[in-house]
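What follows is a single structure, and I will ask about it in a moment.
The letters A, B, C and D name the chains in turn, as written, and every chain counts its residues from 1.
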Amino acid sequence: MTGECQIRVRYAETDRMGLLHHANYLVYFEQARTELLRQMGLTYRDLEDQGFYLVVAKLEVRYKRPAHYDDVLTIRTTVTRSSPVRLEHKYEVFGPDGQLCCEGNTTLACVDGEGKIQPMPEFFSANPDQPSGGARPPLAPPA
Amino acid sequence: MTGECQIRVRYAETDRMGLLHHANYLVYFEQARTELLRQMGLTYRDLEDQGFYLVVAKLEVRYKRPAHYDDVLTIRTTVTRSSPVRLEHKYEVFGPDGQLCCEGNTTLACVDGEGKIQPMPEFFSANPDQPSGGARPPLAPPA
Amino acid sequence: MTGECQIRVRYAETDRMGLLHHANYLVYFEQARTELLRQMGLTYRDLEDQGFYLVVAKLEVRYKRPAHYDDVLTIRTTVTRSSPVRLEHKYEVFGPDGQLCCEGNTTLACVDGEGKIQPMPEFFSANPDQPSGGARPPLAPPA
Amino acid sequence: MTGECQIRVRYAETDRMGLLHHANYLVYFEQARTELLRQMGLTYRDLEDQGFYLVVAKLEVRYKRPAHYDDVLTIRTTVTRSSPVRLEHKYEVFGPDGQLCCEGNTTLACVDGEGKIQPMPEFFSANPDQPSGGARPPLAPPA
């Protein structure tokens, strides 16, 4: 399962170096996997309303090139592994020129309202694991 | 009631201009009024645990001089008005040189867990209104 | 001059109350006035590249109703005053149901790369002042 | 080289789950390594003023337990490797009860004002590499 979304870098998200601050990529990753979920027919808000909270257990990011203020970035998100207790995503962030800015991956666990580990909602186990491919330029140039 | 606290400007809080981004002053105001409450013997966390949620109903900010990365700012916070339904604060933010960077004021209302307006906790009505003074340099130079 | 844009509330922008944190409205205002500028044929990035930095000198916000995670908000932005030294905007933020969540206004000044006040770029003085109207529901319902 | 600093979780840094949002740990890591540098007699601001910009090239985070609003966290930061072109840190974040909330590591590279890779400032190569130890509770309980 792979999807793409576009996010424009906000002024407040840049830092003294004039670039997108590195912590904000995690916010973009989160928005991107939410949009992927929406494409699959589910909203994360509904999941939480049903008592399923997906929390980040682990993440890795590799920064390749800086992103700048007002750039429209393309985030390609892939579900790389889905097990009853774990959901893994891979993210590739491309700049306006189609070059890879940043790539990362996260491992999510599922907890209930008290923070106790519970199995993932059935929705995910119904979708088979997806092998991740290598970084390619975005499917379509961002607007 | 007046108190002071110090906050150091973080890298992630600066923007492309190399200055503290203007939205972050609201985060500093919030931290400053929380610290004032703590000095008065109450934590805002306890208030929420007891079902009192203080929400910002109105605010005003006037920006005078920029604050820079790594500056230790002094925020002086004053309760300027306390009524059964409203709590007003004034904030003055001073740079490392003691000059006024920014001043603001907020009006808080109290809601319950469902977001319905309710009277302020008795703690506040027990503390008489405090007239606000003019901007003065910080009581003590920041460390 | 009036324009509208839509912004979806991100998870990272909510707080312990489960609502959009009040400081993030300023980030939305900033994005909204940037998009209005873009509609007028100018990008704020270009302005900065030409040495014109627009800084917030003053702002006011009145919070009416909470905005929630994943809500698509409509921000209507109006230039309410344009003088050689000042640019004023008004913002109205509407929830998915078309009701007013928040309104605010900002006063911008123009500085150069050293932070010295300078006249606004001619672009703005060429556009006549715009009186501000009262709050109305969004022109079109958000997607 | 190891140091510790304390950071209190701000309201604006929590999210709808009522916990510290996972992206904010990166901001804490950054503040923690800046404070470690300060203890070593150098400020990162000075480094940038001299034309040395340290950028995050890679990072990993493992989240163990949630951190809550108003918690005072202890961040222990260790320089785990220092080479002419790379600086590696390890971070351990402990909650008020001394239990490990989160651990991470970053790899920094050094660039000049144009973003070109350059050798690290001599200061770092003068400090020998430091092996990293296992997670231990904080040296002193947070205030």
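The rule is short, and it goes like this: contacts are C-beta pairs under 8 Å (C-beta built on N, C-alpha and C of every residue); 3 or more make two chains touch, one makes a residue touch a chain.
Just so you know, these numbers come straight off a predicted model, no measurement behind them.
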{"item": "A-B or A-D, whichever has more C-beta pairs in contact", "value": "A-D"}
{"item": "Angle, in degrees to the nearest 5, of the Cα rotation that carries chain B onto chain C", "value": "180"}
{"item": "Most distant chain from chain B, judged by the mean position of its C-alpha atoms", "value": "A"}
{"item": "Cα-centroid distance, chain A relative to chain D, in whole angstrom", "value": "24"}
{"item": "Euclidean distance of C-alpha centroids - chain B vs chain D, Å", "value": "28"}
{"item": "Length of the line joining the C-alpha centres of chain A and chain B, rounded to whole Å", "value": "35"}
{"item": "Chain C: positions in contact with at least two other chains", "value": "11-12, 16, 23, 26-27, 30, 69"}
{"item": "Contacting residues of chain B [partner chain D, same complex]", "value": "10-12, 26-27, 30-31, 34, 43-45, 69-70"}
{"item": "Residues on chain A engaged by chain D in the complex (per definition of touch)", "value": "16-17, 22-24, 26-27, 30, 48, 53, 55-63, 66, 115"}
{"item": "Chain A - residues contacting chain B, complex", "value": "11-12, 14-16, 18, 21, 23, 69"}
